[in-house]
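This is the structure, below, for whatever I ask next.
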Amino acid sequence: MDQLLYASEVLVNGLMTGVMYSLVALGFVLIFKASGVFNYAQGVLALFAALTLVGIQQGQVPFAHLINAITGSHISSFGWTVPSLLAILLTALVMVGLAILIETLVLKHLVGQEPIIMFMATIGLAYFLEGLGDIMWGADVKTLDVGLPQGISETAEAWTAALTGYGFFIDRLDIWATVIAALLVAALVAFSQYTKQGRAMRAVADDHQAALSVGISLRFIWVMVWSIAGFVALVAGIMWGTKSGVQFSLSLIALKALPVLMLGGFTSIPGAIVGGLIIGVGEKLFEFYVGPLVGGATEAWFAYVLALIFLVFRPQGLFGERIIERV
Amino acid sequence: MKAVAAPDAGLRSIPALLARNAATLGNRPAYREKEFGIWQCWTWSQAQEEIRALAMGFLALGLNRGDHVAIIGRNRPAHYWSMVAAQMCGAVPVPLYQDAVASEMAYVLGHSGARFVVCGDQEQVDKVIEAEGEAHTVEQIIYTDKRGMRKYDHSRMNWLRDVQAEGRVAHQRFEAELDARIAELDYDSTCVMLYTSGTTGKPKGVVLSSRNVIETARNSSEFDKLKPTEEVLAYLPMAWVGDFIFSVGQAYWTGFCVNCPEGAHTMMTDLREIGPTYFFAPPRVFEGQLTNVMIRMEDAGRVKKWLFDHYMRLARRVGTALTDGRPVGAVDRLRYGLGNLLVFGPLKNTLGYSRIRVGYTAGEAIGPEIFDFYRSLGINLKQLYGQTEATVFITQQPDGQVRADTVGVASPGVELKIAENGEVFYRSPGTFVEYYKNPESTASTKDREGWVATGDAGFFEPGSGHLRIIDRAKDVGRMADGSLFAPKYVENKLKFYPNILEAVVLGNGRDYCTAFINIDLTAVGNWAERNNIAYASYQELAGHPQVYETIRRHVEEVNASVAQDPMLSGCQIHRFLILHKELDADDGEMTRTRKVKRGVIAEKYADLIAALYDGRTSVYTETEVTYEDGRKGRLKATLRIEDVRTTPTSAQRMAAE
Amino acid sequence: MSPTSPTILSELAPPPAAPAPGTDGYITADGRKIGGVLMDLRHITLRFGGVTAIKDISFDIREGEIRAIIGPNGAGKSSMMNVMSGFYVPQEGEVWFRGAKRPPMRPYQVARQGLARTFQNIALFDGMSVLDNIMTGRLTMMKSSLLEQALWWGRAEAEETRHREQVEKIIDFLEIQNIRKTPVGRLPYGLKKRVELARALAAEPKLLMLDEPMAGMNVEEKEDMSRFILDVNDEFGTTIALIEHDMGVVMDLSDRVVVMDYGRKIGDGTPDEVRNNQEVIDAYLGVAHD
Amino acid sequence: MLYREAGDFKTSYRDDSQTFPLKLDRMGYWVTLAVAFGVIPFVITDYWANAVLVPFLIYAIAALGLNILVGYGGQVSLGTGGFMAVGAYATYKLSTAFPEISLLIHILLAGGITAAVGVFFGLPSLRIKGFYLAVATLAAQFFLVWLFNKVPWFYNYSASGQITAPERTFMGYVISGPATSASAKYLVCLVFAVGLAWVARNLTRGTAGRKWMAIRDMDIAAEIIGVNPLTAKMSAFAVSSFFIGVAGALLFSIYLGAAEASETFGINKSFLVLFMVIIGGLGSIFGSFAGAAFLVVLPVFLKNVLVGALGWPTDLAAHLELMIVGALIVFFLIVEPHGLAQLWRLTKEKLRLWPFPH
């Protein structure tokens, strides 16, 4: 009985983590759909966003270390702090700027290259951004607080206790995250369904040539998509940042998002969400049941192996389009 | 070493030399051919085996002493083997020009009465069949390339390798017979019969004895100290005496290796791969390559261009001197060495000339700057003067006495004399036996003491004693005012300009000279490209006013230089036109060796000539042309005629003052 | 390599396809002997989901003949060839090859049975040189083990040379000597087609399948290709099945023609028979309209 | 410009298909080998060995391996780190279990074991392609590293969870453990590098190589002309993993002397080697060496300049290095997707045509 309850608690937490995964995965899907680029840098974008956010909030001087190292000065911060909302807004702007830079400096020149080349390029990009983030804001672990409620939610506990006789421990942040994620997804779907740009985006995703021929600017679409991806990254960054501090490991959630995508299929938004939930729940349950037997920390690989096994049986993922081979 | 010893009794035929080489140089390469992507190689002993097998195959097919064996095809070891194999059987090899059209072939086959024909491929076989028509004078056709042949009636046809195979299996029966026939060969037995693509009339079959060939091969080999290690590239028509002497005579005498290219289209790459040490090419080849070099350098980057120009200037200054081993300042030597590293070396290498020890050009006069270009790169390029009747060598240039405007001194064993009309006569061990089935022209060419008229007019240069050729003796005429008319002399000067491919100067018996010009499509076309001048055809480009302008300037320069020579200053050109088509052997306007047939041109273009002399400034004409595929068509054009400024000679100038 | 080694002809050509006992061969207009049935397609039906690409088609290909499959675009020609080369497995029907029913097998196994083909939109390996591309045609005959290759030992090198010799003969036959070492990516379309033919020939196939060998070629390229196809059939005695879109070319080349339209067989016979087949004429006129 | 090809003609297919068809290249090759074997061992210092040469040679082997898979086989893998770990732990277990057998043999065996593991994780490549496969190989990466961390048997239950290379000798010379001399380390790695490079060349020039490239360029066509995808892909994974395993073994037993799975063989190793292949040039043996050299020398260079000369804090230098490497990757992919090898090829073409432009 209790066992089952624990399990279901684990399951709920799993769902919460899953949402986070989905969030990052979303960024991938967007960019992949619109530009056929498998953006490995997505996770680093999140890290970069979080770092920037913290930096702006705490009024750090960008590149302080570098400047100090070169000029021998000892500057570190402007000595002011910026209110969270404004900071988030500014960060969003930064992300847009970044998107534009990436488009003009990298993507534009890689048009027509095979996907794998693009993929590797984004790995390079990831390295670059990681280094850049560290140089701009310093590599030390930072705590991020944008006023999202944290800690165990009594209401949830009491409520579940009343319901099952056992109080679930659920982090408020997770609840919020879920809500925000849900909203974000809704927003994105709405955007791609009902706005002109959204439709343009989908058009490009379906057929570059056709889209071009009806006068849609590929470059604009790309900038837009990368900006959105940047924004999604920002949100994800906030969530994870608040949860477990802003540090390099944050960029590794990107890697976690990969199996998510493989389950959901690179081209499907709902796929990303479902995939995320499956992985989240799956790895928690696996760790809960199997972990103890094999020394734990199975989260490290469970997702990948799951995806791998899954792929062997359904190569195009849950929601991906079937590929018909021709000669 | 043995190769350059006087011929003892044993070495009095090509087969004898083959045996000698197989014995003494057994494992040295004798033949190479680029086939299937690599250079297939045969040592002398392998070659001997192949040739004997083929010879026995011929015997099996019933080849008799004295038969003629026609050989038609590109330069391939198998074809050289056929010649020697024929000799072994006591038959006479008769190589033919592979680009000859059926009608030309018909005459030669008929005249020589060849019973056996060795054909390179299906195309040649078809021509032979067409040529012999109903007559069926040819009893056996042997083909080298099997491609597409299986459909043919094989009652009198065999694949060369099958013939060899038959010879091999039948060696028991034929070995003795074959050796007997080889033993019969002596110094006076016929070695080969070559048809001269005479500039006038029907081709004549020049009969050359073993003495002719072997003596000449020996002398010339000694003259240039040829060694068994030489590499030659056999790419010139097998029917041409030069190829026979280089690729058979000298090759067998000294035992060096003959390399055959994969085909005409890969000739340049093959040349580069082999990097011959002993090389012959007619002037047009060198011209073509030089033009090509210049064109390619046009697109070079600034640095390269500068390097190239800079060092070529240096080369022009000291290069030839170095090649001739004349003294050159230490500094210049150093700079030349540097140039050799940066430009000359790579350039020679890309052309395939890095290893050339002795190079010859002949057949036509070569442009001084072309000649010097190659010599200044350190290539020992020399000129020789010769003809089929002399088994090539009449005069040649010894190392260190090389010049563009002479053809050198008498080759070893050759006596020279010049008749009062300026015609050059020679007598040598190479002097041909006779024209086949043509005693009267034999008599008219070769007198009782064995002196042969070259048909060329020339004179010994006072001082150096080198021979200088002005023109064909019969072409040397008189102008109306009685002054000397030497068209070739002027034409050559014209042709030295890269833009001018061919020129025909007219004026015999007239009161002034005029000329037809053929522009060089490569050079002029490239020029047009760079000045983005659009043109659809040769005709259109030839008619372009700017082209006319350029050509006129060239002609005037030539006039100026002609005026220098009081003897020939009458030959300055007063009017010219650029022909609307390229002179072409297929239209009978030139010989296969690209010598202009004046007679043909005179009648074919009578209307144009008339126009040149009646003062018209343009003329309409129609000409019949033959396309590659043999179809005929008519070419219509209206040609402009330009007047040219002439230069008063020193004499006239004096008179004027 | 000794020059007196027999040429590709004697080595590649299977014994002339004389009519096998019991099978009715026939003699072509130009006097070639056509042998027994080499490949027999029986009631082939192929569907993609709901779409039926091929409806119950049967025909055979005889040893030594040039067999054409023609038809307007979308007639299902290429699908047919994909069935023949084992790339598509038909829902119904049987493929018989050299007297045996073909069991379900992967395309590479089919290839090893002696089928080689070219592709409508060229499928060469762009990363490799012409030579290497043609060498891939002989991969099925390469026997040396991975270890031998790794140490360039035993069979590895000998094999390499032996197959190179064969390939060079094909290169010579198709007159592509001067592009031997060029990466195929750089070649013009016409030459690519020729290299692809070379690759297929290198496999010394019993049945050579050409999928629109002349698509997108100019007149003289088409003439060259036709010549090569005839030569191949003539010199190596190779049986050839070819798909063509335009009727003209095929008629001169082929001994017998199958005409397809909308996945059905609407004609089968000698070029003349087909030419005068009303249904065929209609089909082609029909194409002219849409 | 330097080349003199006239007269350098080939009379057999053997000569025609040799690795260095041009005389000059052949000479260059032999000279390099002569210097590598005859000179460097006597002048090499610890610094040069540890900072540059030894890691260069080891990574060159790894890059060769990955290049066989990615460059020739067209199968992308991000599991390199994991496979190197297999090589390392295999050597460790073997050499501790059978001390009497030569370490060099153990290293080869370790390669073999890695090959087996590689084939296992390569199986999915039969169903999935492109970066689906790339991501799938991450499974290998994470699972293997986790395995070596979590299962004490692999590190002989050592308290630290680390593995340390025991001292081993070869013909009386110490080749493993702290006491190893610079030249010994160098020579061992050199022998492996040269030997494996030779093997790689043999494989890629012949049947196996053609199969791999055929699959890479157009897998469907490849299968239709008779290439069995299973054997082709698996052999690629096997050979590649063998190389990588040996590299891992050397890295641990010869170079580092001690290792800890997640530290030494993390995902970053996978990327490092991948970058070497990209920068060096996909599908080029020379490229594998060039790429390895580049990415081994670059940090050393930056360190010397930034930290040594400018006296910056090391972490800053490290971050800058990240940026530069990242930027370079992107740069290379944009400018020359075929890497240093291609640049080299082009220069060579120019030199051969000199003085002509084309």
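As written, the chain order gives the labels A, B, C and D, with residue 1 at the start of each chain.
Basically, a residue touches a chain if its C-beta (ideal position, glycine included) is under 8 Å from a C-beta of that chain, and two chains touch if they have at least 3 such contacts.
Owing to the predicted nature of the structure, the values given are computational and were not obtained by experimental measurement.
Asker: Give the label of the chain whose average Cα location is farthest from that of chain D.
Answerer: For chain D, the chain whose C-alpha mean is farthest off is B.
Asker: Any idea whether A-D or C-D has more C-beta pairs in contact?
Answerer: Higher contact count goes to A-D.
Asker: Distance from the CA centroid of chain A to that of chain D, rounded to the nearest Å?
Answerer: Here chain A and chain D have centroids separated by 33 Å.
Asker: What whole-number Å value describes the gap between the mean CA coordinates of chain C and chain D?
Answerer: Here the centre of chain D sits 42 Å away from the centre of chain C.
Asker: Take the average of all CA coordinates in chain B, do the same for chain C, and state the distance between these two points in whole angstrom.
Answerer: Once rounded, the distance between the two centres reads 47 Å.
Asker: How many angstrom between the C-alpha centroids of chain C and chain A?
Answerer: Once rounded, the distance between the two centres reads 52 Å.
Asker: In chain A, which residues are in touch with two or more of the other chains?
Answerer: 327
Asker: Where in chain D do residues touch two or more of the other chains?
Answerer: 12-13, 220-221, 224
Asker: Spell out, as numbers or ranges, the residues of chain C touching 2 or more other chains.
Answerer: Residues 1, 87, 119, 123, 164-165 of chain C touch two or more partner chains.
Asker: Quick check: in the complex, which residue numbers of chain C touch chain D?
Answerer: That would be residues 1, 85-87, 106-108, 111-112, 116-117, 119, 123-128, 132, 135-137, 139-140, 142, 144, 146, 149-152, 156-157, 159-161, 164-165, 199-200, 203 of chain C.
Asker: Within their complex, state which residues of chain C touch chain B.
Answerer: Going by the criterion above, the answer is residues 1, 3-4, 7, 9, 131, 164-165, 168-169, 171-173, 177-178, 180, 231, 234-235.
Asker: Note which residues of chain D are touching chain A in the complex, please.
Answerer: 76, 123-124, 127-132, 134-136, 138-139, 141-143, 145-146, 149-151, 220-221, 224, 267, 271, 274-275, 278, 310, 312-313, 315-316, 319-330, 333-334, 337
Asker: Residue numbers of chain D touching chain C in their complex, please.
Answerer: Listed in rising order, the residues of chain D that touch chain C are 12-14, 17, 199, 202-203, 206-208, 210-211, 213-214, 216-218, 220-229, 235, 239, 283.
Asker: Across the complex, what residues on chain A touch chain D?
Answerer: The touching residues are 38, 65-66, 69, 105-106, 109-110, 113, 115-117, 119-121, 123-132, 134-135, 139, 255, 258-259, 261-262, 294-298, 300-301, 304-305, 307-308, 311-312, 315, 325, 327.
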